Each structure stands twice: as structure tokens, then as C-alpha cells.
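The structure is given below, and queries will be raised subsequently.
Order of writing sets the labels: A, B, C, D and E. Residues in every chain begin at 1.
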Amino acid sequence: MSEPAERGDALLTVDDLKMHFPIKRGVVLDRTVGYVYAVDGVSLEVRRGETYGLVGESGCGKTTLGRGILKLVEPTAGRVVFDGTDLSGLRGEPLRRMRRRMQMVFQDPLSSLDPRQSVESLLVEGMRAHDLDKGKESTAKRLRELLTAVGLPSTALRKYPHEFSGGQRQRIGIARALALEPDLIVADEPVSALDVSVQAQVINLLEDLQAEFGLTYLVIAHDLAVVRHISDRIGVMYLGALVEETDSDSLYAEPLHPYTKALLSAIPVPDPLVEDEREQILLTGDLPSPANPPSGCRFHTRCPWRQETRCDTERPQLREINAGHRVACHWAEDIAAGRIARHEVRPVYEPPDADVIPDVPLIGPASMTEVMDHH
Amino acid sequence: MASARATKIDRLAGLAVRSPDDQDPDGAGPDSGLSLAASAWRRLRRNPVFIVGAVVIGLFLILAVLAPLIAPHDPGLRLLEDQVSRARNEIPPAQPGHPMGGDQFGRDFFSRMLLGSQQTLMVAVLATVIGLGGGLVLGTLAGAFGGWVDTLVMRIVDVMLSIPSLLLAVSIGALFSQQTQFTVILAVAIVQIPIFARLLRGTMLGVRESDHVLAARALGVKGRSIVFRHILPNSLGPVIVQSTLVLAIAILDAAALSFLGLGAADDATPEWGQMLGNAQDFFDSQPHLAIWPAACIVVVALGFTLVGESMREALDPRQRR
Amino acid sequence: MLQTRVTRPRRIALIGLAGAVAVSLSACAESERGPDAGGGEGQTGGTLVFGAAGAPSNFDPFFASDGETFRVTRQIYEGLVGITPGTADLEPELATEWTPSPDGLNWTFKLRTGVTFHDGTPFNADAVCKNFERWYNQTGAGATAALSYYWIENFGGFSDGKQPSLYKSCTAKDESTVELALTRFTARFPTMLSQSAFAIQSPTAMEKYKADDVKAQGDSFIFSEYARSHPTGTGPFKFVSYDEANGTIELARNDAYYGDKAKLDKLIFRVIPDETARKQALEAGDIDGYDLPSPADWASLKEGGYNLMIRDPFNILYLGITQKNNDALKELKVRQALAYAIDRETLVKSVLPEGAEVAKQFYPPTVVGYANDVMEYPHDPAKAKQLLAEAGYENLKVKFWWPTQVSRPYMPNPQSIFGAIQEDLQAAGITVEPVSKPWAGGYVDDVEVARAELFLLGWTGDYNSPDNFIGTFFGTTENQFWTSGSPWAEDLATAIDAADATVDNGERDAKYQDINRKLMAEYLPAIPISHSPPAIVVSSKVQGLVPSPLTQEEFGPVSVTS
Amino acid sequence: MLQLVLVVWVLSVLIFAWLRSLPGGPVSALLGDRGTAETRAQLTEALGLDDPIFVQYLRFVGRALTGDFGTSTGVSPGKPAMDLFMERFPATIELSIAAVLIALVTAIPLGYVAARRRGGWLDNTGIVGSMIGISIPIFFLAFLLKYLISIKLGLLPTGGRQSATIDATRVTGFFVLDGLLTREWDAAWDALRHLFLPALALASIPFAVIFRITRASVLDVMDEDYVRTARSKGLAGRVIRDRHILRNAMLPVVTTVGLQTGALLSGAVLTETVFAWQGIGQALAIGFERKDFPVLQVVIIAAAMAYVLVNLLVDLSYAVIDPRIRTAQKGS
Amino acid sequence: MGMALLEVRDLAVSFRRKGEEPTAAVDGISFDVHPGQTVGLVGESGCGKSVTSLAIMGLLPQRGNQVTGSVRFEGTELLGLSQKAMDERRGRDLGMVFQDPLSSLNPVIPVGLQVAEVLQRHRGRSRKEAMAESAELLDRVGIPDPTRRIDEYPHQLSGGMRQRALIAIALACRPRLLIADEPTTALDVTIQAQILKLLSEMVTGTDTALIMITHDLGVVAGLCDEVNVMYGGRIVERAKRHELFAEPRHPYTAGLLASIPRLDAPRGEKLVPIRGSVADNIPWTHACAFAPRCPNALDRCVEVTPELVDDRGGMLRCHNPVEPALRAGAEEVRA
């Protein structure tokens, strides 16, 4: 965004949120053989009017965190406070009412739109659920406003989702969220399913809408370039926890966490000059299984700055190093100051757990044959 | 462990939740933008298998509707009884007014074949409707509520599924002291209930976790509304396909019950399966009494099977080619 | 009450008593079967495979009551008395002659000598008495009607004395003379001994294999080892094996047989439950013959060159009437109206097989006491309507039970018979409400406990005796027809008993004729419909099979050409 | 395993209650038209059928625990139901295995070729054939086969498991196998001749299903990326077919074969009746007609168990074929 | 630069469906690849880049498509080659790495064998030799503990390891040409960096040529010598990578560059999107397919098909290319 909106108080506070999912297995009897620690103690704050970007690689728990915040999936522990209301105890009707104020934009615009509903009924449905369709006239007017806002022609109302292009569908998804006049929009990978040439349209739209309606965004994405472009502040997640949080500019300028550094250096830049010169911090190995996270610092198995002490045993907490810059690394200052040198990391190869589908902890397989279909 | 039959049904259920355009991105064909149903219909319309099946079913339906008007005689009246002789094993031959002669009781065989279509259709449709209805109720209960309701319903369903279907139908058929067309329908239908229930529940569980249902939940749409406006309508595809196939199965099962002597005792209103079952004894001497109903059953069952299978193929993107 | 003094000479009495049942005396004179008694010039050797409709329940005929079992045991065992092949007439078998005391209570049987059981033990008076003692001393499961049906039917009770028994004692006078003492006179004795259930079995084998070790278990009975795999008789065939996995029972020629040795090396019964399958097995040459071919197949079997033998009908199909639940049926006029309404001539012609006859009374004409001048009910719908009107039941409604999943010799196709009668009744203005039930799935129960109103049922005679028919139907007042509701029920039962106890032949014949006349004219507790002939079919290779009206064929004289 | 026990127990209760509520029963079956009200009552008492259902059930369970499941009243009167089952089960297994073998050896190659030549005459014939296979009443097909081949042409026996005149030694109850084991070649050949037609009729449904699943599965697998990878390696066609296509395509086929057990048991009731095959299918058909409760109880429960067990085996056999399952199991 | 290893001339691929007009997926593209060179094919989904690679490899489905033009590999025409002759070359001279490493590996065969079977096929190795060599290859592509891995199945490996295994398969016989079709799209960025590094390591210093197919301009910027930008089944621009990124000439290339957020761009800079979507293409027959979305479109663009012509050392297919000055201006802003 060109001009960051005025930064207000916290609209959303997440406090030590944990989301663990049991892994069930067994040929004859299902039993819980372990847990996937999808989100394992995340605390963050989203301020009114800002865009908070949550970035991380697949399996880091960012999507689960987003759904947990909206209570679409029940968290295991921790608190989510939205505008002063603790959502943890909220259930049933009050929770449903609360949903009006927190909306979601999904990754896949096609699958998130019911193929059997026209755009009109898609948009009206949420309004009806919250008694916002006061009358035929006013509803029609509201629909026109929404379409104009997301840049769709009013003829779109009678059409069905499959008749639109990917970018347009995402606009419909955004309009659906907007229809409820929410305060917070959680956008989960809002552009990653779109063609590159179309991504910019949606990114710009999101920015414009924020300016127009004073929205607060929580943007979840794996593409750091996109997140950095759109967000005021960014949280970097690794294996179920935040490792670094700061504003967008400082993140690029002075990343403090080794993981953030590696992540930034891994992103290719469409400029040969930059590419030819830059120094890459290549991480070895793969993301450990969230069902069996490493002890101590979750990153220590791959960290080029890992130290013999502390890293393996003591889990670093997020701590504020500079103003508004929090890092979960024992040695952040020393690394920044160059007191600790990078070293080789011998890859500790850990095969991924075959059945663990970290972000989809929903139904366990009914039998061995059913597992087959999960490829 | 759920039986593999149950698993198979669950897998069928899976075809509804698959995303419609999971083709390779570069080969995006002309129908990549169409919805599941629309593109399925497009594929169906061009599928000769479907067309043949649809034509067969169409003719069968027309016949069933018009049969009472065309049929020259009452199928229950022993009009030609005087030409029947047990002693000489004679049945009335074709003659003016009775183009196919009479059956072993001297009833007009042509009229019986014609009206048989109506009764056969009734058996097929009623059995399917009852099976589907029961399955819908159970499946919706399980699929919508989940939790212990799901567990309970599915345990019942699993036990039912662990008995081979014809065995179950025969057992149910034997339960009635007086066998009528309705008991046959019921026996055939009850066997289908667990299949429908499991199928629907599987699909619903899949659809329940789909993005658009999540979206509806995020919108704050009420639970009932989510079930009936989103989950259920989007879960019906495989169930509809299955119903088409069950229409065929019902006709075949009814015939099997008759063969085992569990068909309707009263055959004044004819039904093909029953006619076939009862004609087995005369196969050597009067083969046409068996062959005609058998041929009609095969053709109609084939029609339903063709339509059902082509619908399944059309709905299953993996088979899209 | 049965003690009628007989004053005629013994010889006459013998002739009278035996001859009253067995029409021909020649059987007695011909103490040994002639060399060609089996008929035909059939060669010796070979194997005959005969199709059976069901598995035998066991091989101890005393504990059996079904035709499938008797068909097998009849080849293994013999009784004291037998039936002349092709007739229903008595002839000597293991006893060469028998003499009653004048009061008919003590019977002296002279036994055939030189006879041994298949296990090599001798057949003698002692063996005979051991059989009778065994029968009489049954207890527990062995004394239930499901097992000792024929004993209970014919002799009544057991040694426990709960029910009176016809049997009193058996004494072995010498090696080949047996004296049987009865508690009363019955015209059925000794003909009743021709029934397969009273075949003489080897006491040694029975003891060795614990023949009486039967017990009720679960829903049925467990038979003894003897009954399952060691049947030992004196007949022309010996038991070899029962291959249950393949459904075959194998018998082999008894080379030690005292009479004409069996011509076949082996006689195999193969179980093929499905009727159509049986016919096809014959046509394909898998079997050489089978019993009770469906009348629908008769014509094609004959055309196919098979030897279809139609037996004389020895059964009765009747339209049962239960007076209990429908007041209208208590009226004689209504029952007569039903009789007039039914067109039995057409029914017999179009629905029943060749050789079937309209039944004028409750047993076939070959049985003693048949009255030629009973009241007849020709087809007359007008008369039927008139009678109904007179009785005040113009709009008569009846529930009509008919069985499914069954075929009996007297009722080859219940559905056809029901359909024909239903149409006739309706033509006479009677409203029929059909109730169909599977034979073993409720039909028999309903009929037996008099729940039905009209029903189809019948009876196949076991041996030539009127009592075997009408005695079974009306011998007690508690019966399926609910005759106890009628004033004449007691009279009828008494009359039947009296006739049976009448020693004098002519007198007895007259009594039975009188009963029959009354049954048809004054009582009409049910409506006799027809006598249907059961058939038996063998391939053209098979010679020497003499069809028996009692469906009791013997395979000893049978031979096959290859 | 626990669940299997549970299923069996629930089934036993259901089936017991169910059968006892059927009209008619052993008394009618035993006495037929020769019963009188008096003898019926006497027999009912002797057999304990006048006791309350739960007493009867307890007695049944008590006996069942000692391996006694009652005695047949109709199919083979007087024979313990369990003995009857054990004796007839091999017959049905023999028939089913033969049917599955026929289906497998014809359907898999045909399905493969049909998929490779999609749209060709063989493909179209196969599809139409398989659709007819599941649309034709199996008993009618059995009947036609018997009529044409056994009766009209006289090529094969009309029914039974072995000619009555053959003197064969019984070892396992599988007649063909017995013949081979005892070197009674004529008995084996004779049993095989008896087996062929019923197996062929019974094979119609598994053939249709296996053909279709093989075809669909091969079509699926042919489109898989790893087949493209295999082609990109320049591998020989045979290697691609055997190692890359068929091995993967067989996974759904294995499940299907397991699922077909149910259809086989259903089909066996009809086929065995037509061909007078002394198996449990025939026992069931007769059992229902003659209300042979002990036999029905044993056979239905055993059929359900066999069905569940076969499918459990199929599930387990997956691990042998599919390494993905194997490691998942190791992990648990 | 010597003789080209691969010469693609007028390659066109069209798909036919029953009862439909054939659709052209690739519409007459030509390019050369020289030994040791890395050539990029860049474009969005549906531009025909993957179809091109499959056509070169002869891996298009056997039915329903028509391939015309010429693909010469070391002077041999590949398109007309028999299946057998093509099999001889595939895996030995031509290797390919696919997009989805999980689905591209056979799930029921151990990884080692999947590598070894190429060696058995083309190098005539016995199974034992091939397995040993397979372990070495896995080691070379950076799979730790290769002797254990060779007996494991694809699902037991992580995404990155799977892609390494695929690369090992493709490189097993040291092919002259390696085609990598979106090899990192399915991977996370940190893994992507590993794989890209591995790929460039494997080809630099050898004479193995690499065709890199991707939608990610960033990937191309760091890897390729020459870049072909594809749109609607045709090449619209070709240039050396420095030239391409410094002075994009085609409005599509320029538009792409301007529309993607760059990590190094200052925050607050508004993205310039390309309007419309890929579906808004029009056929090349009498127009420029990009015209409906093109900010520079002229009337001529919808009347005359632009030809691919030489342009400043590269090639360009545009009636109204972007002037360097405009881009230079943008460059300044950034600097």
C-alpha cells in the first residue's frame, strides 16, 4: 500500500494458540498414534486498519492458524480475542453472529464458490444469514455496489461461478466477504491459484478496498514477495510457530531470524543482475514433520547458525529486539552483529510421515483401502 | 474395520468432491470452465452408450405408460383356459386376437408382456425410491451430524452391508408370510438402503470439508441451511447415478426372488421377473414363456445400466477422455 | 369294543383278513418269487442312477416318515409282509404265512428260513421280536411323532403306557415262528406292517451302532450312527455309502440275498432338489430315472423316448373347509353349494395330469368300502346359487388359503388348481379372498390349527385301507375341518372306529360304504376334488421297473442295458 | 478383529430373532401334511419351541459355544448344521474360486487390451459384453448355458459336482483337488467337467466388473505422470506394461475381487440351485423354502463372516502390493 | 556457436476431440538449443510450453493430437522416428524432469530401481551393477544415505528428495539434452532454491543443454542464457536474459515484469496489472493473440498477424513493441 492506514489498537489478539490434531491409524481399530502439531503456540496481534501478512512454507501451519482464528476449526488451546470479545468460549448462535465481522477469502476461487449457486445467491446468502437483506430494493442496490467495488459488471449477478475466469471468481469471493461489511478479512493465499498476469489485479483490488472501506487484513501466503508487497507487518512461521515478526520494510532490509534470511535469499528475483550477484543461503534438508517436531528451536536441524548450546534443547520465545521487531532466536543479536559465522549443515534426513496431511486434519481414513485415495 | 464394500461405496462417493478441472494446466480444453454438471451433461449427450441406454429406457417408459391402452386383454383372465391341458402339456398357441398365444394358465401372453412393463417399472421405481428415501434419511443423519449419530448409523449400515445383498433380500423376502408384489419391492429396497446411506454419507463428509461449505460456514450461514442448501445438493450426484443402477438391480433382484419362489404369489398383474421365475419350469417345452420376459429384462436392465454407467463416467473426471 | 368273535375256520379267517386288504390271493400261494418275477429279460450288472428330490433324513426307516428316505430303505430292508409289485396288495415277504387267532388278537407269523442280514447275522424269530420290542420301548425323542410317526399312527402308544397301544407282546415260538399279541382287533393289521417303517432290521447292528440313540437337539433330531451310516437289513441291496458332499447314496447288490438277486451291481440315488434340474439331468443322461416328474413335462418326456410310467392314483385332493371361523360354512347347504359350484371335470382336464380322475368320495375306488352310489355334485352354478340363497348366504364371502412353494403328488400345481376353483366359485357368485402362504412358511400351520376357511390339501395312501384315508381325516373330532363344531362329528368318528374293528369283511365293507354315503350326502365336511396319478420316469435303458400305486417301487428286478 | 466378533454377535441376535419370527417353522417342515394339531403341539414341546425367544436364544448360544449350532430340519434333516456347512462350504469355495479364476484370466487381459485399444472393436465388444453380463439374470444365464451346452449339445453334465458313478476318494472336499491329490485322474476330470458350466455362469458378474475396473484402471494409470516418466526413460514396452502400468492398475482390481465375494455368494444361491451344486448357496435356497433355521443361521452368519474376512484379507493384501500402505502399517 | 544440438522448426501441435474443431496448443514455434546452453521457455498456463517439451520428447498422448513441423536432434529428425528408435534416444540422449515429483515417480517401485532401470535399458548394466550405480547417482544429486534410499519408495521421500531422484533418473545416462518442465513449481521456495542450484550444477561445465520451462520469470533470470517468452502457443519474444529483463520489448513480457511484486522493489509501488485474463486470447490467424489485453494495441494488431522478426539481437513478434525509454524510466525510479 502506498500510504499505510492509520495504525490503531489491536482488532485481533491471538494468544498462545495451539491446534493439535490426532493421527488415527490401524487396520482393525482406529487409535490415536500421535498428534500433528499444526499450530503450536502462536501469539500475535493484528491492529485495526493494518494488513498483517503471515508467511511460511507449506506445512508450517499458516492455513490452520487462519481457520483457527475464525474458529472454523476448533483450537486445542489458547485464546483468540476479536475486538474485545474472547472467541474461545463462543459457540452456536453468538459465534455465528460474530462471523459477520470476520470474513474469509479463499485460495481456490472456484472450489470455494458453490457451483450450484448464481453469483446473486452467493452474495445474498451471507446477507440473509445476518439479516442484512432488508428489502428487495436495498439488497439490489447493495449488490450493485459490491460488484462495482470489485470491478465486475452488474450482468454478473445471474451467472454461475464456472462462467468466470479465475481472477473474476476471486473478485466474486471478495465481494461475498465484503457483503457483510466485515472488520477483518482473512485472506488465505488469495492469489496463488491465479495466473501471474492476473495476480496483480487482485492484489491491487485488495489494496483499493482496504483504503475504501477501512478493512483490516490478515493475509496468509507462501509467496513472500506478495506478502511483503501487500502487508504492513509480517509474521514468518516455521513449523507451527512464529519465528519473526516485524514490519515489511525491516523484514527485507534486516531479517534477523536465520530462517527468514534463508527464505528471503531463496526467492528468485526477475532481474539477472540481482540474481547473479546475490548470496544465497541454501537450507539443507526438508521441513521436519509437524507430527514429530525437533526439540528446542524447531529450526535447529537446518540452521546454518545453530550453536551447540541452547538451540537443541531450549525453545526460543519471540522477543522484541528492535521496536516492533520480534524474533524467536537465541542468537539473533550475535548473528546480526556477525559474531556468529555460518557453517555447513549436515542434512539430517528425516523421511516425511506418509499419512500426515498437516493442514487437513479432518477425517481419518476409514480403512487401509481408503488411504489409497489420498494421494 | 469397515468392510471393503463400504469402502468401495465411500470411494464412489469421492467422485463428487473431486475438483472439476484437475487436468494438466497446459492441456486446458474447451470445457475447463464449465461446471461439473454442465460438462458432465455435455459429455453425456455425445456418449453413444448413454444415447442407446436413454432410448431403451424411453421406449420402456412409453410402453409402460401406454400398456393399459394397447393391451388387448385383461392379463389376469384365463381366457384361453379351455385350450390348456396339463395332461398333454398344451398351452394356447398364437391365434387371432392373441398374437403370442396364452401362458400356462391360458392368459393372453401378449397382454401380459405389455402390462408386465408397467409392473416391472413399478417394482424398479418403487424399490429404488424406498431404498433411496431410507438411504437419504440415514445418510443425511450420519453425514450432517457426524459424531456418535454417524457412528451409530454407520455401524448399523456396516452390519447390513456385511450380508451379501441377495442373501439379505431373500431373508427379508422370507420374512413376510404372504408374498405380494409389495413384499418383493420392500425386500429389494431394504437391501439398497445401506448402500445409499453409506454413499450419501461419504459424499456428504467430503462435501462438508469442501471449500465452499467452509466458505458458507465462514459467512455465518445457519447449520440447517448449510446442510440443505450446500452439502446435500452437492452430494446427490453419486446417489443419482446409483439410483439409475439400482433401477436395473431391482428388476434383476425381483426376478431372482421369483426364481427362488419368493416372488409375489398372485400373478394376476404380471411382472417380467415373476413371469421369468415362474416360466423356468416350462423352459424345455415352452421356452418362449421364459425367453420373452428374460429378453425384456436384459434389455431394460441394460438400458438402466448403460445410462447409469455413462453418467458415472461423465461425473468422474478421472474417466473423462 | 373291538372284540368280535370270529367263528369261521382259521384258514378262511386268514384269507378273509388278508384278502380283505389284498385283493389277490395269489401272493400267498406264491411263496417264492418266480424266476422272472421282476419281469423282463434284463441282463445282470451295471449301475443305475436314480434322481431323488431330497436328501433322506436317515437310513433307519422306523424313524422316518418321508418318501425320500423310504425310497432308499425299501431297497435295503424288508418287512414281515410286502406288497405285490404293481398293486396295493399284500404278499408274503419275510413271513411266509400268518394266522390270526379267531378274535384277531394273536397273530402267528411263519418266518422265511435261511435269511441273513447284511451283517451276516441270521434273521429269525428272535430278531423279529427284538424289532417289535425296540419299537414299543421307544422313549424320549424316539417317541415323538416327528420320529415314530408310523408307530404312533398305527400302534398308538409306547411301553410307557401314556397312550393305549395296539401292541401287546411278541413271542418267539421257535426259530421261525413268531406270535404277536395285540390289544384289540383292527382291520388294518397285518397290512400295516407292509409299511416301510416296520421293516425288520438287524438287532446286532442296531445294538452295535446304538440305533436308539436319537435326541432332540436345536430344532431337530440327531440320529444314531446306525441310522446315519450302518443300516442293516435283509433286502436285495446293501448300503455302501452316503456321499453327502456329492449328494449321492450308493447301494450295492446283496449277493447273499435269499431270493432273486438284484440285477444291478450298484444302485445310486442322487439328490437333485430342483425339479427342472432333475428332468434335465435325465435328458443329459446324468441319471437314469427319477420320481414324480412334473406333469408339465410328461408329454415332452414321452416324446423324448423316456419310459414314463403313470401309476394308478392312490391319493385324494380335497377342498378343505374349516367351519370354525365362518358361520356360513357351518351350513351343509353352503358346503353343498361350494361342491356344485366347482367344475371338477374341467379342472381335472385342464389343470391335472393325464390319468387324473374326479374324486367322488374321500378315497380312490381301489380302496375297500368305496361306495358307487354316493351323492354326486355335478357342476351346476345355478344350483349352487339356489342353495346359497336357501341358506341365506347369497353374498357369501370366503377366505381361500392356497399354498406356494410346494408340489405334492395329489396337487402338482397348487396355483393352477386354486385359480380354477377360484374362478368357479366366483362364477357362482361367491366372493373369494385369496390367502397364499408358503407351504412350510405358515400354510400348514394355519390349516392344522383350523385358521383357514377354505383350503387345498390332500393325502396319499400308505397302504390299502379306508382307515388310512378317512380315519386320518375324521377319526377324531379335533381336526383341520373343525368338525367338532358339527353335531355329527362324534357319530362319524365312532362309525369309522367301528368299521375298522369289524372283523367280518362284508360287514365292514358295508359299514365303510355307509360312512362314505353319509359323508357325501349328509356331512360333506370337505369337498373331494380329484385323484391324481403320480408318475415315475426312467430312460429307455432301464427295464423291469414296476410302478407301484403306493409309490413303493423296488429296484431288485431292475436292470440297465448299456 | 474385535469388530468382526461384534458383527457376528449382532448378526446372530438379529438372525435368530428374525428367523424365529418367520411364519411356519421346523414343526411344519418336519410334519408337513401329516401333522395334526396334537402331534404338532407335542413336537413343539419336544423341541423347546414353545419357550420364549430369549430362552431359545440363550440355549442356542449355550450350544453354539460348544460348537453345536443345531440340526438341520429341511436341507439334510438330522444333520448338524455346522457339519452340513463344513461339508458344503468347500463346494461353494471350489465353485467361487473357479468362477473368479475364469473371470480373472479372461477379464484382466481383455481389460488391458481394451484400454490400450480404446474405442476399438475389442474394447466396444468388451464393454457391451460386460454390461450384458451384469444385466442378465444370473439364474437365466445359468439356465441357458445348461440348456444349450448340456442338454442340446450334450457336452457337459447338467449338474452336481461329480458323476454318481465315479468312485472318488474324498480328502479336502474340493473334488478337483481331491482327484489330483489321490491321482484319481478320472475323478478330477469328471469334477472339472461338472465345475465348468456353473463356474462360467457365476463368473459373469465378476468378469464384467473386473473387466471394467481393469480397463478403467489401466486407462487411469496410462495417464499417470509416472508412466510418462517411464516412457521418457525410453523403457521397453513390456517393462512399461508389466512394471509400471499393470502393477499399479492391479490395486483397484484386488479390492474389486474382494468385493465380488458378496456377489459370488449371492450368485451362488442361484447358480447352485440351477446346477444342483451341493454348496451353501443351494442349502440357503432350500433352507428358506423348508424353513431350516439352524442351517440358515449358520450359513448366513458364516457367509457374512467369510465376506468380512475376505475383505479384511484384501485390505491386508494391499500392504503386500502397495508399499504406501506397508509403511503406514509399520508406523502404527 | 556451432551446430545446434536441437533445432525446432515450425512445431505445431493441435488437439482434436470428437466432434470439435481441432485446437492449436502450439502454433508453429522454432528455436535452437546449442550444446551446453540453457534455454528458457516462459509463459503462463495454456501458452503451450509444456506441450512443446512433450512434443520434443515424443511423449504426447498417442491419440487425439497432430504434430507437424520438425524437431531435429543432432541432425536426426525426431518427429518421424519409430517408437523403437525414439525409445533408444529417450533416457539416453534426451532426459526430462517433470513438474510433480510425487506423481512422476511410480509409487510401487523402489526409487533405486526407478533410477537403475534406465541404466539397465541404455547402458546394458546388470541389475546389480545398475543398483550400485543408482546409489552413486542419488548421492550425486544430494540425497543423503543413498544406499538406504534406493530401497525406499517415493512416498517415503520428501518433495525435494523426490525431485532430486527424478533429476537423477533424467541425468543417469548423461543425456545431451535435459528438459526441465516446471521442475520447482510444486516445491517450496527454500527447496526450489536447492533444486535450481542442483540443476545448474549438473549442467554447467558439461555440454548438456537444458531447456527450462517455467512460468516464473525469477527462475529464468538466474538460470538461462536465452529466454523464449511464449503466449497463446507462439513465441512472442526471444532474447538473451540480460537483454530481456533490461529491455523487454514485447508488451506481454513488459507487462509480466511490471505486474509481479518484487522482493527488492520499494514498498508502496503500485503493481501494474495486465488487464483481462489468459482466457481472453484470440486466435493468431489474423491478429495478435495478446491484442485484447495489450496496452499498446493498435488497430493493426487485430487485423494482421505479427511475424516473429529479428529485433536487436533477439526475436520479437509485435506490431508495436515497448520502447526502451519507457522501461528505462522505470529502471530509474527503482534505482
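Methods note: a residue touches a chain if its C-beta (ideal position, glycine included) is under 8 Å from a C-beta of that chain, and two chains touch if they have at least 3 such contacts.
Here the structure is a predicted model, which means the values were calculated and not measured.
Among the remaining chains, those touching chain B and also chain E are A, D.
Counted as hops between touching chains, the shortest connection from chain A to chain E is 1. Across every pairing of chains, the maximum count of C-beta contacts belongs to C-D.
Distance between chain centres (mean CA atoms), chain B to chain D: 23 Å. With centres taken as mean Cα positions, chain C sits 90 Å from chain A.
The distance from the centre of chain C to the centre of chain D, each centre being the mean of the chain's C-alpha atoms, comes to 40 Å. Look at where the CA atoms of chain D average out and do the same for chain E: the two points lie 54 Å apart.
Multi-chain contact residues of chain E, defined as those touching 2 or more other chains: 45, 103, 107, 155-156, 279. Shared contact sites, meaning residues of chain D that touch two or more other chains, fall at 3, 22-24, 118, 147, 151, 251, 255, 273, 289, 312, 314-315, 322, 324, 327.
Contact with two or more other chains is made by residues 27-28, 165, 354, 367, 369, 375 of chain A. Remark: chain C residues 275-276, 279-280, 283, 294-300, 346, 349-356, 404-405, 412-413, 415-416, 419-420, 423, 434-438, 441-442 touch chain B in the complex. Contacts from chain E toward chain A in the complex involve residues 44-45, 102-103, 107, 144-145, 152, 155-161, 188-194, 196-197, 215-222, 241-242, 245, 255-257, 259-265, 267-268, 270-275, 277-280, 293. Across the interface of their complex, chain C is touched by residues 22-40, 42-43, 46-49, 60, 63, 68-81, 84, 87-88, 90-91, 146-147, 150-151, 154, 157-165, 168, 170, 173, 175, 273-276, 278, 282, 286, 289-294 of chain D. Contact residues of chain B toward chain C in the complex are 78, 81-82, 84-90, 104-106, 174, 177-179, 261, 265-267, 280-285. Considering their complex, residues 118, 223-226, 228-237, 239, 243-244, 247-248, 251, 321-324, 327 of chain D touch chain E.
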